[in-house]
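What follows is a pair of complexes built around chain A, which joins chain B in one and chain C in the other.
So, the complex of A and B:
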């Protein structure tokens, strides 16, 4: 028999933890939830607390609320540091502000900023100008130096002060290019070593390394590097074994005009690629970049979900789609495991199953996991195949994997079977939510179509049916979260925190199933269910916040025993 | 096109002054982009006595893009793929290392050097590389057997 639901709740947990899924929720709760939702690009600017004291970085310096999206001028000053690590100790002024804002923030929220291509360009230009001033070098040379030093401004300046000649040489600048500005020439007796053309009118070009080629060849070489190989910042002299980097001024002289746009785009890409605190949004065709101060070494403690201007939510750590609450390392292990074991596991997520009572085939066509057998009217849970009547009561035990007693798992075969069963338990639920999210979406689109029809017949306004879209989106997001809670749970060793985790997970799951079920109601009834649906949507969001907040906080504080060494 | 003059000149140069141990012809009369090479292995290498056919394809972007080399004669070597391609992994042929002034003759000189002294740490055939490092006798035996079987 599954144990009755007993909870060891600490003070904080009990305040955010509803004891059973309430039937009704007030409208005020809805508002409260909205405030607690993960930051969108628009709202994040008003929420600038830091998530860890020792990890201060450039993001914080651009705290000025509301300003950053539109301002492009201010930008360079606040964010001019090339290497965030150097800024760890000198920001006491910020600490106080962070504290003030800290209680507004949820543990799973991460600070970030979204930048447009223009922002990035300005930021880049600003840094070049600043360093050029300091080093008394022309901007072209400075840009090369910065790119060579991967935009680590402080280290670059240090190196420059240390040994100017050596740095210039290494960066491919060799001599002072101010005294020898690049120019196209005709040289008597010149024959191009690439195309073998000669002739006294043949225009040619060479950098200070002296490797001279005709301008046609030079241009074709650059075209190929830029167009086919996507290079820009570190194109080398075409000369045999010459490592001299072609500077921006020479490039301006030589890059065919139809390629300059592409060239500048590529230069900008390297600026973002070179910096740990900047990443391109991975959404297809998205042009925005996101800045976030979370470092690689933090990724076992935080799951840094960021929200791009384009609405795509992704993990800054690994750039996969948002996978909270599961840390990147576990996501990677989990996905690999699922890929390796897909043969074994596939049958489980199949779309059809047998009714556990009468064995007639049942097809799942909505996202809801509450199944009713058409033939025998048996109501059961799609995931655990248990009686639905036991769900949502104190008997509900669908999400937890019950470890068999040591007696059962004594011999090796039983052990390996149990480890497979354990994996399948979590995989089944993981895959199920993935699948259900798709089905939920399908059913929403069908419903939406019907609603549009209904609108024209019932006179409902467009705004009035938008609650459906809100509900559908909430469902998608909550199922995504649920999905990752199961991958997380697979790597979670039992300790005194896991019960609360499972309770929260189950509460979210029930909330989701309740909402999902509403989509299966006849369309003409939906309009009348608006209030109930809004309630359920809000409740889902709230449960999601509870799950994410609890896991994130304990992740940060190291309260989970993660089975990181579990063989994949 | 500019590529043509360059290729003509290179071809003429390798005719009058062929790289050591190499005979170079065109695959088809009038097609300057497919070269056939017969390379005699250095006499002090374990492949001594072997004549290796190498097909060289010059891409239409040549010399801005590197040539493509394929051993047409089977060869037991850690740096040559043991398949119908017979590709050799050469640093200078990688797109980021190839420079347009580089010549086919330079490439062939390098090929012959690698042929004589395998570089197991840059191997494309891991198994052969392991054997080369750990059981040189067995490696040399197979390499010689293959020369007798395929490269005479």
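So, the complex of A and C:
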């Protein structure tokens, strides 16, 4: 990725955000934001709005920092309006100017940067060194301060200048870490309050708060915190209600090195977890982190797919596997709906009806038309859905089809069936692509084996058979995209844009099926079909880009009517 | 008893068998791992002065690094009720920051925990259960230490 420049704080973006209603009214917020949004911006980065990210707040409030501090974890881009140069050499630039982005990229592409654990460590160290220098505090103390302040340097420095003592106290540092380097001592007359041991040569340790415990107890305490509770950044003194936070140097003194290693791993984790713009790659065993400027509140306008060094493509918003073009919120709803419904939906549509009164699902398990709802005790007729009481005694031969109650109930039933039919329409297509992707993969693996065989008989080189692998991968990705277009479509209300969307979807669908068919050809013909296969692969990819670009652009511009408020 | 808890508990027990603050008494500690304590609450009309409440302490081998598990017990003979309090569920589980990972300090001990709970009752003004008590009591399957209580309001 080419180096990019920091982008100025977008005034419009922050004003918009300030006037948006709370998150629970997502649909309205979406519209409002869209209405006021200028045409160009791609990502809303670096603004200091209040982000009511729950996990952030819960910790932040317990630290008395308030909301402002808990947000804005950008690499110093926070208050830089009109003063961009100042942050020029921050070694973090993933943001580009809105103009840059619009020119260079497709609407569905998002800027991101991948970091190795070493990069993260360096970044962390770099920030610590820089701030330590500024505040004239030792690095251990500075690290604690920065962790306390969630790595918002500017804000931290400001607070430090305002009231150094108060900040140090709140961060659990007290003063004097420099004058009293940590050391293990034996103190005459000391008895440990934890294990109740005493003795002349009992080694003990205390931070500057003076709460002294034997080194054994201290070690066990730290082990518990680090190993069992996974804590690192904010481990406090074992003393009762003492806020003093243990620093890396003291820790090194007290625990064996395997624990120190674990401690540093955890610290690194909190560094990434503390910042909205950083996330670990969710692929199993992957050690990389990804930085992306897309914020939570942007997620109804963009689907930020990022590509890790390990080749895993995932959504930066929700960390699920890439789900373009479907926005995170819809993906979540969709998956929940499928989990609730999928196994039973088909069966339900064939064998059950809903109680006309309470809408719980009723299964007909005998020949009798007299139904009693288990839930609300409503008695009705299975055939006409009318009230049973209106049937009199002629239950065995339902002749009350024109009864009003039956008519209304049938209407309601039809409506609810309709919505189920609609869901099944999209679900079946969604599930089909999921299934087909697996089948395609199987066929490819079989083909691959045959190709290896073919290679030796036909004299084709390894590089010449690579087109198959390329085709297979394209197929997988396109099916993945198609799959999500159906989930997206389920939540799409009809407007003048939906037809174009459906056309694009159909084109991609056809391209995919055409390519998929190629894999069913006899292996000995495949070599001769190379050109055709390459063409079809390229065409698939082109169609995919068309679908994604169109949906992403209109998502950004608010041209889709999304049924966000439909119940799951 | 293995772990570091042995010696510490022995010492605590020796001290407790000597003298305890008013309204707190040791019922049993035959099993060093599990103690029972009785409490009365002074000067609060919500709790009759002669009504006793039974606390059960359970210690892991990692005590006092790890907090003990402390719950109120419901007994019929002798009768022990679960005291009415907005932070005490009707199954005896207590929502008190002192007893969770964040609030616990290994400096605390059985006596100090009893005193804290006693004073939490003594200062209570609301004769009620926590919100969602019924639901919580019905559905909770976790040990008290594994529950993340939503709030710890020190004013109640």
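We take it that the second predicted complex is superposed on the first by the 401 of 568 C-alpha atoms of A that agree within 3 Å, B and C clash if a C-alpha of one lies under 4 Å from a C-alpha of the other, contacts with A are read in each partner's own complex, and residues count from 1 in each chain.
Keep this in mind: contacts are C-beta pairs under 8 Å (C-beta built on N, C-alpha and C of every residue); 3 or more make two chains touch, one makes a residue touch a chain.
In this text the structure is predicted, and so the values were computed from the model without any measurement.
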| item | value |
| --- | --- |
| Side-by-side fit of chain B and chain C on chain A, or clash | clash |
| Partner chain(s) touched by A:261 [first = chain B, second = chain C, both, neither] | neither |
| Chain B versus chain C as contact partner of A:193, first or second or both or neither | both |
| Touching partner for A:238 - first (chain B), second (chain C), both, neither | both |
| Which of chain B and chain C A:201 touches, first, second, both or neither | neither |
| Overlap of the chain B and chain C footprints on chain A, listed as residue numbers | 193-197, 213, 216-217, 220-221, 224, 229, 238-242 |
| Complex contact set, residues of chain C against chain A | 4, 7-8, 11, 62, 64-66, 101, 105-108 |
| Chain A residues within the chain B interface of the complex | 193-197, 213, 216-217, 220-221, 224, 229, 238-242 |
| Residue numbers on chain A that touch chain C, as the complex places them | 193-197, 211, 213, 216-217, 220-221, 224, 229, 238-242 |
| Of all residues in chain B, those that touch chain A in their complex | 2-3, 5-6, 9, 61, 63-65, 95-96, 99-102 |
